[in-house]
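To start, the structure itself, in structure tokens.
The letters A, B, C and D name the chains in turn, as written, and every chain counts its residues from 1.
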Amino acid sequence: MMQKNTVIEKSTYVPPEQLPVEIVERKGTGHPDYIADSISEAASRELSKYYYDRFKRILHHNLDKVLIVGGQSAPRFGGGELLQPIYILISGRATTEVIDTDGSRISIPVGPLLLRATRQWIKQNFRYLDPDEHVIVDYRIGKGSSDLVDIYQRKQDYPGSNDTSMGVGYAPLSETERLVFEVERLLNSPKVKRELPAVGEDIKVMGVRKGDVIYLTIAAAIISRHVSSTDEYLAVKEQIKKLVIEKATDITKRKVEVYINTGDNPAKGDKGGLYLVVTGTSAEHGDDGATGRGNRTNGLITPFRPMSLEATAGKNPVSHIGKLYNVVAFNAAQEIIQLDNIKEAYVKLISQIGKPINEPLLAYVAINADDATLSRVKHKAEEILENHLDGINRLWERFLRGELMLF
Amino acid sequence: MMQKNTVIEKSTYVPPEQLPVEIVERKGTGHPDYIADSISEAASRELSKYYYDRFKRILHHNLDKVLIVGGQSAPRFGGGELLQPIYILISGRATTEVIDTDGSRISIPVGPLLLRATRQWIKQNFRYLDPDEHVIVDYRIGKGSSDLVDIYQRKQDYPGSNDTSMGVGYAPLSETERLVFEVERLLNSPKVKRELPAVGEDIKVMGVRKGDVIYLTIAAAIISRHVSSTDEYLAVKEQIKKLVIEKATDITKRKVEVYINTGDNPAKGDKGGLYLVVTGTSAEHGDDGATGRGNRTNGLITPFRPMSLEATAGKNPVSHIGKLYNVVAFNAAQEIIQLDNIKEAYVKLISQIGKPINEPLLAYVAINADDATLSRVKHKAEEILENHLDGINRLWERFLRGELMLF
Amino acid sequence: MMQKNTVIEKSTYVPPEQLPVEIVERKGTGHPDYIADSISEAASRELSKYYYDRFKRILHHNLDKVLIVGGQSAPRFGGGELLQPIYILISGRATTEVIDTDGSRISIPVGPLLLRATRQWIKQNFRYLDPDEHVIVDYRIGKGSSDLVDIYQRKQDYPGSNDTSMGVGYAPLSETERLVFEVERLLNSPKVKRELPAVGEDIKVMGVRKGDVIYLTIAAAIISRHVSSTDEYLAVKEQIKKLVIEKATDITKRKVEVYINTGDNPAKGDKGGLYLVVTGTSAEHGDDGATGRGNRTNGLITPFRPMSLEATAGKNPVSHIGKLYNVVAFNAAQEIIQLDNIKEAYVKLISQIGKPINEPLLAYVAINADDATLSRVKHKAEEILENHLDGINRLWERFLRGELMLF
Amino acid sequence: MMQKNTVIEKSTYVPPEQLPVEIVERKGTGHPDYIADSISEAASRELSKYYYDRFKRILHHNLDKVLIVGGQSAPRFGGGELLQPIYILISGRATTEVIDTDGSRISIPVGPLLLRATRQWIKQNFRYLDPDEHVIVDYRIGKGSSDLVDIYQRKQDYPGSNDTSMGVGYAPLSETERLVFEVERLLNSPKVKRELPAVGEDIKVMGVRKGDVIYLTIAAAIISRHVSSTDEYLAVKEQIKKLVIEKATDITKRKVEVYINTGDNPAKGDKGGLYLVVTGTSAEHGDDGATGRGNRTNGLITPFRPMSLEATAGKNPVSHIGKLYNVVAFNAAQEIIQLDNIKEAYVKLISQIGKPINEPLLAYVAINADDATLSRVKHKAEEILENHLDGINRLWERFLRGELMLF
């Protein structure tokens, strides 16, 4: 067996629940940063599928720089319109050309693939954002070429690291973390969209726990065509609040205070006083977004927890450590805490230049458990992590099927 | 005095020096993410100065979404050329129009200011990146208008928070952190540029400490016109290594291993085997960059330490909490550790919606000190933090003079 | 009656039929310049309708600068694919804001209207050019604002000229001109598309008459999915030739030689030897187009005849002389030659600054007829032209319905 | 000697002086269409020089689609500022890659060359248009590759025509034509710029002759920093008028009426009432420009004279018939009229597909002279034209030196 440099130790982290304060954020489906991440990843997936279908390999690419430039809109009670489209620029690098065995050059239809992926993602995730008239999609992709002979000769199971990079993961989520995550998922669920169609896709949830009180601040874009007055708007906010509090009751016994669209000035109504949108996203009126600026691999932003700054979205799923190690770290941590009596696990992976990606410089696990438990599970935990590492070269299949959460 | 909600407690963090492993990164001047951050901030500064000169106020803007799209280059020993310019897109929002007291509209020359700031920053920070021929600068800025009457009536000393946001800071840096920071500063110092002009501006330093060994992996772009052969290139790497090791000796007694441009394949020479650049930045050959994807407020990326994900660069310096709280937190932590016998301080600030920005929901300080020290300095630390908070409304002057490090 | 400054004289032009040589060109539906003209005009039409629906007036705009930047494609027998989309940039000026009677500002959704018009035009005119994946549409439109009060107060039936501009028209077409026009129309007719689906939309016909021989050089893009071999391709060319010769026989007794895709090199097949396209337009592989660079108002380019250089497409149809005078001149000439015994008529209109647009500085008609006829029809011709001039303020209705040919 | 298919005949054109009306236009240096033409040509020249220096051949390119998108400005008496930069998009095709004899690929630095050419042209032709802050230059160029072996094997003196194309020229200019041309040249002369620095570069002259009166309508952008009041502005207009009338006296005995900036509304002063600019060009406030939309090869737009619609600017100077034939036609016409007793000459050239470019399908010359003169000069005229045709393969040298007027 390959050298994994695994170290399992007792955690020195105080679990977040025991700290006096927590702060957690989740940017939901319609948030400009989430859109950027999603388009990065959808584009990478579309491209990967094309590469795989044609060459039986996923060729090099990195589409982790998508920029969403906000447009301009005029929401109005019962209607409204988009005035200036959202501009989306996909940048990055891709293999645009493959040199065939006979020396001829096969060009990859990168542009059409990116346009398709973007439009499809928008169609599948928004009800009122029209990719035909509300969005301009452009791209600037650095060219790259690959030699087909080289591609097929790479027999090696695990590509080598050519940079120092890292991944970090932990489990389980704290109550506040879970709450923030679940609230956004709830508000963007088909059920809520059906029952409360006025709730837009752009939902940002910020959770601050101070002692035993959790303050949930929710920015929820409200679809202007679905509310006809300030009163209706305020009623929608009340219904959201009710839903959130119900959900909170399932998750925590702590006191939860919910604040929705705190910047509202109801007296001004639809003349700028309320958080109304035409399309579902705040990108319609000037909010910008960028890949890598939103949620981390576990769907959350947790400034007091270890976090990788690396964008996972848009990177190629076969060799990019910044993408793979973060996913492995979270997956392994989640499996490790299934073991008996473990309160918390942190996994940190650091790559080793020149070594296969399943042989990190360090695979470090910090486990919060009593000493007896720790010595009992140590070997098992090691095994779990090493299995995840060895499975890294099949992760791409799950990325392509969209099974792995990245943000 | 205003309510600051300050809580001073004993730190539960294990100092990084005592952990088995650390990982720290710094992206230097010529790194695409650093360029993006720098242009965001330079543009915000230029715009702020214009607003201030004309209206005695810094008007609303947020330029924290700059995208750097890599170009294409052909470095060659003793020369080389840029083939395709780097494309820079500045996006965000600004006050483009001010409504005068007589109802007339004053337009702000946002575009020319952004172009000027960008070009000047490039000229001041690169020797071989020519803003005339190597770079295309474009912008897409959302329009905003302000009423001059309103602007002057805002008498309030401290603007109100209209979102939940946070800042985090700590002090001191660990040895590894300091080493990573200082090594980049050294390699981008005027002295090294003079003595070793081949060293490009794009320096990325990654430090991994495993027990008592620090592994420094340095990606240092080498200016192709300054090396005429693979031997010369390798000699430059040796000289860099020597400089780094000298610097390391000043900072740490730990063993330091230095790896430079580990992906090199000297046999291929300037046909893609070495890390050569024409202009000083890897953005010339396809590496992209984006605001907020690089260093945090203390100039480092420290995944195992508390970090805000917020981009500080490009945001307006008078009311944007994400910018101000991070700076305040770092500054306060640095001052607090000047107090006797304090080993480490962490400062976390969380804003309170609807309250002035100097009155956070929570101002939390975790101090690593023995109990006696802690009770002695507690009040002093509180005072320090509160002074920093109250000074928040004058911070903009220092931003405008470029005195505050943000990344 | 208003002063029209009409002058009717005997023509000094030798009719083209009597000249030793003629040269005539028509760029058909799929030609990049035709696409640019069409999108300019479709966008102007969509915008005009919006203005009219909302304000009962067509507000100022000028969209006569559309640029089509060619993409990249890989046509192959029986298939092929687009590699890089066509980039379309719509530029110009429009009224983006209307100041309401209460001083509030109504924003016009210019961007979404332009995107809609462009996509619709593509869908209606191409079978294989997919606006979703083959095209990127962007725009850069100068802002303008109008005061609603002013708009409604403009009671004047005819707006004033604020520039010297001109229009020119003639009738009838020569045989060669008619032939060139009809051949393109035939090849882009639904019937031919049905019977010979391989014939793409990008048809350029150049007719050169030298004495009594007409040389027709036709560039006809062939849809790669509809031909499976060089032989099939050549057979399609033969069928086109047959159709063209049939059509020619209807129009002229002169000898007609037909050359199709003269640059073909059949030996190279679909490796660059034939004029194959995936989408129907040569814009797919690098041919660019621009508004105003294609056909004149009568659908032809006739370098030896009087021609206005003004682009008619995209200009507002209520006050832009460069658009209106060219249409009036052609329409009037066509009506004038209906009068008995008239061989040819040329109409030239020059605007007079500061005067209503139906009162030109000069309305000049040159008629080719014997003296007796001329003196007989003179008054009638004058009446015809003046009626057309007085009808100029209702022409916009026909533009909006798309009834008037402009290119 | 090669077959030139030259036909010399007696002209059937009535000389413009004898027609009741003439209309002539010239767009001067700072006009957006002139800027577009100039940048197309400057870019082609810069690229051609690079190709020639490196490969001793001018490689294929066509940069005849430059778009100038107007910005926004706020001119004010004694100052003013640019609010939004002018956006320049250079599109077209170029040889971006040359395949060396050893199969390796040499990339051409197309982007930097285009940026350099554009900036240099602006610097050399404007005093107040700052390429650093007033202009954004971008490009979208279709890629092409050439094989060096092929390039060197093309021994043929004259490349073949692969399309039907034409050129047309005439001489001499009529008085009105000369007047229009000279007036613009005067107003953009170094002398006038020195003596009357308020005169901007954007000068458009429209000449209409009706009988024996020539109406000159001049749109002359006035530099706002050089006039401090409406009175000064009006005084500048008077001085321009004086200069123009002096010049007119040199050229014609006809009555000349001069109208300058006829749209002015002096009562509104610098609040939109006058034609003031900050930079010298109307492109600063929304006027757009495009290659090929301005002057023809003789520097004029003459709708009643034969005109080619082909843009000459930006095309490659070694094989593009649309460029070369127009220049040859004008040059030959000018030389032909030097022959004794010739009043007027028109030259029309039509290319022959598959034949070398110096062997047209038809080289037609119409000469206005009495029969005796005509039969005397016929052979000489033929010789002149054929010499020009045979010299076509050396014209590029003069294009590269910028010696040939194209617009």
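What we mean here is this: a residue touches a chain if its C-beta (ideal position, glycine included) is under 8 Å from a C-beta of that chain, and two chains touch if they have at least 3 such contacts.
The model shown is predicted, which means the values in this text are computed figures rather than measured ones.
Asks: Touching both chain A and chain C: give me those chains, sorted by label.
Replies: none
Asks: Find the chain most remote from chain A, comparing centres computed as mean CA coordinates.
Replies: D
Asks: Just the number, please: Cα centre separation of chain B and chain D in whole Å.
Replies: So the centroids are 49 Å from each other.
Asks: Nearest whole angstrom, what separates the Cα centre of chain B from the Cα centre of chain C?
Replies: 55
Asks: Hey, how far is the Cα centre of chain A from the one of chain B, in Å?
Replies: 24
Asks: Of all the residues in chain B, which ones touch at least 2 other chains?
Replies: As it turns out, chain B has residues touching two or more other chains at 71-72, 87.
Asks: Chain pairs that touch, all of them, please.
Replies: A-B, A-C, B-D, C-D
Asks: Please give the residue numbers of chain C that touch chain D in the complex, ascending.
Replies: Listed in rising order, the residues of chain C that touch chain D are 7, 9, 12, 14, 19-21, 23, 64-65, 67, 69-72, 87, 89, 91-93, 140, 142-144, 162-164, 166, 168, 206, 208, 210, 215, 217, 219, 259, 262-263, 285-286, 288-293, 301, 303-304, 306-309, 311, 348, 350, 353-354, 361-362, 364.
Asks: Within their complex, state which residues of chain A touch chain C.
Replies: Going through chain A, the ones touching chain C are 71-72, 74, 81-85, 87, 107-112, 115-116, 119, 131-134, 136-139.
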